[in-house]
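Below, chain A partners chain B and then partners chain C, in two separate complexes.
Take a look at the complex of A and B:
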């Protein structure tokens, strides 16, 4: 015991003023002043004296109490990390208060590509809803949360897309085709919803669906990237993003991929069973993100073997992949989005330099909100539109604008699917659905439909929804 | 219940045949309709009283009233009879203020006089703690209106598109096209003059009310009389909002008049509030209560979410705003002696 006391006293010795270096003497007030060889802590008052200890107020005197309204410190539990973001990003697909529409029927496999449903509202089957949720096809800004269950209007453009898809399947001749289209149209005109309808039809027809829900997420440098070994010029792979994409593919195409087995041993750096299914292959990439790109390539090779189902390869918000990404190369130069492996893969098929041997649709959608301006893309789309709709009136390139040659090259002979406003019959159909769901309390007649159709800028479906069911006054 | 709509048969259904029996009306919550009540004095149907003379033979006719008979006689004789205005003075008027005469009246008349003296039933308050809008008619419960009478459009010469159906829709005026309550609450939600943000918050609130589960009404905190069943509320979020606000809106405010009581004490005088003022008070209470709620999530809709949750809790009777209303009313009842009414002349 005595030895420990001795050690403590020796340690206190260093508090002796002489033990401090001379520079410390300038801040005398700051150093604790304790008598040496004493265990008593310094308790004397500070030099300035304590604040707020004036004489007690007289009895009955009014004192200023500023802290009167101070909230008592809430000991409420803070949300866990990520919980707030999850709540913000949550997608609600049903409203239990909405009325069940008795006449609403689902789309089904046999009639998915037929044009007899044009102008009707059709429900999306539950299995497809799960798959669409897995590929993140539903957007938060769309009005799914108002109705009992997801349903979409089969509009004219939907039947056009269905026609293209039946051509891709081979149609009567049985020769599969690769269809490449870019969806264009005004803001809120239903481009993403048409993309979703395309995915729905693909799921119903048991295609393999690969969907990149928002191209911004690939290029905004939020996920890790690495140069692909042996690539010339250097390409960059994104392991985490590819692994996530593979997990989405595996989950959404569960049934189709489970029924297919690999034809040859895949060239991947992870062990794989000899007769494994394609779903197992995709899951191997999920489990080993460092191998995810090679797994993706192996999966694509398997899917393009003869006898495999057609592929729906879709991407939303196209403009983001038509310019430099936010990633930097080793010599601190921006990496063009086409140098990212996933995007270059998509662009190869969008530009038509490679074809899908089993048929399929490569579908890209432009977006008019949260999108960069890419003059080369805009010009290419204008040219494509003019080729299809007004060949006598071709646009001229503005020489004062910078042209991205890679973009112009890849969109050289692309075709667009232009989405216009609804017709009045389609508007009436969707408005009647709103009314039958109980979300719209009005008498749906000719005058009402015309009024809303006009207010919506001649049938812009997003504006129509705003004008009739959203309660934004 | 919504009428069945031919939703999935566009080719035929789109032929624009208005169905006369289906009338969906998008109407604000208040509506002017003719009163359902008939005054005792107002004629019902045919203008003849029930005891009217229906016989053809003159000798079978019932005798006229005494004074009418006298008047007829006077007319025949060419003399001045009793004036029609003076005839038939009600007995209640005659015996008014005469205690002795009142005691000798028949029982029925005594009862009616007593009933007139104290109109409120025994054991109940002489004042009301709730209110129903009077000037603008009854409350719209948001039910589907079946009114085929407006369908017949008469041909009017010189009018190209036909006459408008009356009454004109309440949202027909460009400056009053939105619901009053929604507009008022939007303005009260507004901070720093940013109305668009307030409108977005309002839309969020209504959307939240529309998707939130059906409220369970607390019987201790009854809503306005005549409120629709709670299952109707989420489908009509504007009514939901109106009901929540009108149910907790106070009838009075307490004005503190300094120097009126003497001794340096302010005299508390209850002052009645108009409908808009009552709503304003209620909304401010609700916004205050919402501001004290714990922030659950993140993002720009946080406050709107709290307000919407507070509105639901008002309807469910959980909100502290009810106590506040009760306190004001209690104080008002205690201070009702301080009301100085203008002297009758």
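Take a look at the complex of A and C:
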């Protein structure tokens, strides 16, 4: 072998190295590494190898190769990535086939918290609908897609919530209060809708609204997490989720946040202009997800400065944050949901260990579908209900059940807002709305209303809608 | 003399017709006369008439105390007419019945009648029951001829029905008549509750109905919590819904056993019965709504040699 051949081989080797671009550090495993002692380029080698490497069919196995069918497979077009999920999650808020209800009026700022609308169906103004959509307050399972535009029934519990909100605003005395409530009630009884009504009233009253649409999304380990530096015991922040939440806050509270400016330079690792608005602050968090948690904290600090509007802090599907999350710590132990920064922030205010200086409502809603059983939560809610409604009959903790002390502690002195069935008058009002929308073709009289009310389990509004609108025969 | 004897014999001949009910002779050995094959025990539980052949003539008595001819004199002079017209047949009960009914019909034939459909509803004995009662192999056709007369008698206007006809028909009626068993009337207790019990398949339900405004609790839960399907909810309160009483009563019920559908339909019956205590006049309406009759259908039992109740194993050639 002459030396010239050797040189040629070496030169080829060097060519191969230069042919590859420098590999990014994180994707070391993504592209095949070349062995320095091979004289063929790795890509070519692997490509050739694959062609020949296709294993021969096993003896006796039939291979079917009909070329006609291949064409057909190409004809059926697959949906683009994400298209199916978008269709599944799409929220439709109007139905052009439904009739416009002439008598339907909107809720407005001045009368949002008054109780004179009790028992009436009220429309949600378009601006608020956009905001509610931004905070994902509408659920697919609710029947929004059957009516011309979103409208809700102002029921007894709604006026109770409105009363609480006016107390939180300060009421007559002018001293703002922090109201903490958990919405409980049977399945399909309108808990999430009441939460949405609370958000609606908050938007109308120009509060700052922070809504966690479904607690399951925080704890199911679908978004990235990282330990918060310098926290003892270790807390975990979720950058992407927090950034998404910040963008929702910025979008939904556009008007309010734009009008407010920062009082002091925020302690965030990204440059921020002096006298910037709070909206800019939130958007800084959206643009830099790695700084999102510190932005959220800075935003919260700004919102709790004196003279700022009250805050509506809401969360749906409470049971998910009252147990271990699906995240694992560095030593492969499950992380308790209360160790996630966002949740611990919410729980601090729900438990009342911190108060909202400008007043506001911390509202959590339980859910009866797609929800884990948390015995400590159930017991705390039972106790809270008994304290309010039947103090002589307090429930006893079952000593054979495992108690989550953190949950019991944080719900020690919570109050519940129990949602019962509709009254007959409320049922009549909503059925008349169904009829006026053209979704119910029946003569609405007392007998009809009572029949539907009874069949819906004494005025369960979800069942009422099902029985009169969805399951029409 | 002969005339007197004749009249006496005639009297004897008519005697079984005029005497009602039939004379019963207390004879424990009545069955000894039977020529039929013994019947299975369950059939014998039917009450069987005691039967004895006509009494023999006492010729010595007929001769009179003075004569010592052992009745030979009488025997020579008399033409004997038996008491029953069917004396020479093997067993005369059926013929007696038939003759007696025909005679009775002749006496009451002129009484006004009602249409057969308006006549009182009676469950007549079947031919088997009649055969067991008389212990006589009655022919089907003859039996039906007789029953034709009985039905004709039943069509006499009830207000003019003679007592003897009623007694004669009694012999052909079943022991228990439809409408004999009258259930105890339900009561509304001091708290205004009426109770009803219903069953369907293997479920049973007890419902208490009180006046109210349409609230329903089943096993302490609301209707929606207990029954997931709207259809089952409607079934449970169907008695109230079909009579437009849903807004007038409250129901609380306990139900157990079986599945969801069975429990819902057991509740239908229970609620209907309890509602009938409050408003008995609703019975026809409830019957039309199908809430009165208990649906007796149940799962058919599995049989040996079958895969299920009726399904046979797959046929295999060898």
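FYI, the second predicted complex is superposed on the first by the 396 of 473 C-alpha atoms of A that agree within 3 Å, B and C clash if a C-alpha of one lies under 4 Å from a C-alpha of the other, contacts with A are read in each partner's own complex, and residues count from 1 in each chain.
The working rule: a contact is a pair of C-beta atoms (placed from the backbone, for glycine too) under 8 Å apart; a residue touches a chain by one contact, two chains touch by 3 or more.
Since the model is a prediction, treat every value here as computed from it, not as a measurement.
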Which superposed partner A:119 touches (first chain B, second chain C, both, neither): first
First, second, both or neither for A:457, with chain B first and chain C second: second
First (chain B), second (chain C), both or neither touched by A:186: second
Contacts of A:467 with chain B and chain C, given as first, second, both or neither: second
Touched partner set for A:446, first chain B, second chain C, both or neither: both
Partner chain in contact with A:99 - chain B first, chain C second, else both or neither: first
Residues of chain A at both interfaces, chain B in one complex, chain C in the other: 446, 471
Residue ranges of chain A touching chain C (in the complex, touch as defined): 186-188, 421, 424, 446-447, 450-451, 453-458, 460, 463, 466-467, 471
Complex interface listing, chain A residues touching chain B: 74, 76, 79, 84-85, 87-88, 92, 95-99, 101-105, 119-122, 145-146, 425-426, 428-429, 432-433, 435-436, 438-439, 441-446, 470-473
Residue ranges of chain B touching chain A (in the complex, touch as defined): 2, 4-11, 13-14, 16, 18, 22-26, 142, 178-179, 182-183, 186, 199-200, 202-203, 206-207, 210-214, 234-238, 294, 296-299
Contact footprint of chain A on chain C as seen in their complex: 213-216, 222-225, 230, 233-234, 237, 241, 244, 246-247
